[in-house]
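There's a structure below that I have some questions on.
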């Protein structure tokens, strides 16, 4: 029973189309040059990763503690792993965009730094899940961690922003938000759609894998 | 023969903390190792910079709070570790006490331990980085207590979830360190300003972050702890 | 300790009762519908192979585990996750001592007494230590004791708050013949003192000498119940073996 | 306009590698898990 299906195919085709459009058919931003097109990768991955995948981890966990339904635990587990993938894209494309525009690979920019710490929390979440054998205990512990992590996010944003305001760094050039022409705006919206599709496809695939693993492990443990 | 009158949450927490500290006093294991760790850390850190290029007073806050976080974290597993060898945890769970009391007891015993680490690290930094004594030192102690409470609430909860796993020593730092950011960063930034004579008023934003963190995670960890108990 | 029924409630209310008790781990039903009743002064021996659900059943009776369905009633009151008071009337003894080996014998027992809210901690501790013959060893750290003596401290710790229900999970593990004999004598005096005992063990011989009732537990269910009076241990052991082999097939 | 297209291609290739790598890893994990499942199936349900 393959874990991926037509949805992944559609998502990949959509993504390829939007990326091709971004690279060859969307005019580059005058001030920043071609490198500015990393924007169409960086921003959608960040939005999908931070505001779609991460909340699912905390919500899935909280709902599991309430309803004790294994599917909710699998949802939290799967969205954590897929979130890690999307945030990895953000953390790789960030410096690749920073170097040509601001001259340094890592600018300790508030949002990117928060994303980095969130990435570590998700990694910790995944490692914690790997460390606990008993399925029920693993679900409970990761739910607790997921909820606490969601409480932590505002504190990290606060600390990072306070750090920036207390030590303003001279912004060399290029305002934060480049002015978007109509075509650029369209490409960006298409990118959002493609990335969201990809997220759903990956999440579904990972959920099917989790269900398969749980079934096999139950059989092997003699819990027929 | 002796009818029972189940003790209250705080009474139980004090009992458990007192028992832990009695054991700690007998074995002195966690305390001495962290004392040595702090002193070593503070002195090694002095040698990794060129003191003429970077003034010790600028290094001091960063060193203090980094060493404090790691030394504090090293001893956190000790609290629940005591209950593991002979499954004494079952004994606690069987007693007619609320689960939260067990967490508070362990958090209290960890708080005493972490405060002891602080009481060693601050003088060590003052000595080795020859900071002049001043009122700043008192406030530094206050910030230390706030940071200790933050570190202990989260650290104790994560210790209870990882102490029985195979690589507990690695897992706790990995889970807990992201949660120490809003504790160590404000503490370091505030003490950096205070050490160069800034008013308390200017560092209030950082203090507020610390206080908010302690309140938020103090409540959240106490509520979350019962869910980590096998039921 | 020697009053006929330590619980003071009418003699007919069973100290411990379960009503179609079920506990599931994932899809496996470790305990699959158990109904049992233990009155004051009785001892129920639970025999069964590993994985039959005996330990799970015991932890359910102790209130350490929540039932998936069905009920555990202690002294007539149903156990819920926050029924701390009822849980305080239970004592658990297992091959894990649950002691702090750095602390002394007296400190361990006193800690348990305080935790259970015993009013006269010193008195109850001394009485429990006397009862287990631990006089003179109050100040020795537990780690300095042999397995047999540690077992005694573990029992003292479990009965210092005068529990109505004493649960024993494989207490004979690791004991030599004389240790086992001493343990049986201790538990008999507890039983005659009015406590209700539930004993999970493999050793049919020790179990039968102590128990007033016996039950064979297989695949989370009680397959056979007997009064031990007039029960031939050899025949019983044989039927236990057959049942165990049949369920394993 | 600065000529920094190289960074753009690097970023797009990196994204493709990360997404592609994850999809392949997941498929491989699913394949081994299915094989484990089939093996246990034949034992428990002859």
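Which chain is which? They are A, B, C and D, in the order written, and residues in each are numbered from 1.
The working rule: a contact is a pair of C-beta atoms (placed from the backbone, for glycine too) under 8 Å apart; a residue touches a chain by one contact, two chains touch by 3 or more.
Treat the numbers as computed from the prediction; the structure is a model and nothing was measured.
Annotation of chain C and chain D: jointly contacted by A, touch as defined at the top.
Closest chain to the protein centre (all Cα atoms averaged), using per-chain Cα means: B. A count of contacting C-beta pairs for A-C and for A-D identifies A-D as the more extensively joined pair. Work out the mean CA point of chain A and of chain C, and you get 52 Å between them.
Distance between chain centres (mean CA atoms), chain A to chain D: 16 Å. One finds 41 Å separating the Cα centroids of chain B and chain D.
The residues of chain D never reach two or more other chains; the list is empty. Contact with two or more other chains is made by residues 230 of chain B. Residue positions of chain A touching 2 or more other chains: 224. Pairwise, the chains that make contact are A-B, A-C, A-D, B-C. Contact residues of chain D toward chain A in the complex are 1-5, 7-8, 10-12, 14-15, 18-19, 22-23, 26-27, 29-30, 33-34, 36-37, 40-41, 44.
Across the interface of their complex, chain B is touched by residues 65, 117, 120-121, 123-124, 127-128, 131-132, 137, 140-141, 143-145, 147-149, 151-152, 155-156, 158-159, 162-163, 166 of chain A. On the chain B side of its complex with chain A, the touching residues are 154, 157-158, 161-162, 165-167, 171, 174-175, 177-179, 181-182, 185-186, 189, 205-206, 209, 212-213, 216-217, 220-221, 224, 227-228, 230. For chain B in complex with chain C, the touching residues are 1-7, 12, 15, 19, 22-23, 26-27, 82, 85-88, 90-98, 230-231. Listed in rising order, the residues of chain C touching chain A in the complex are 25-28.
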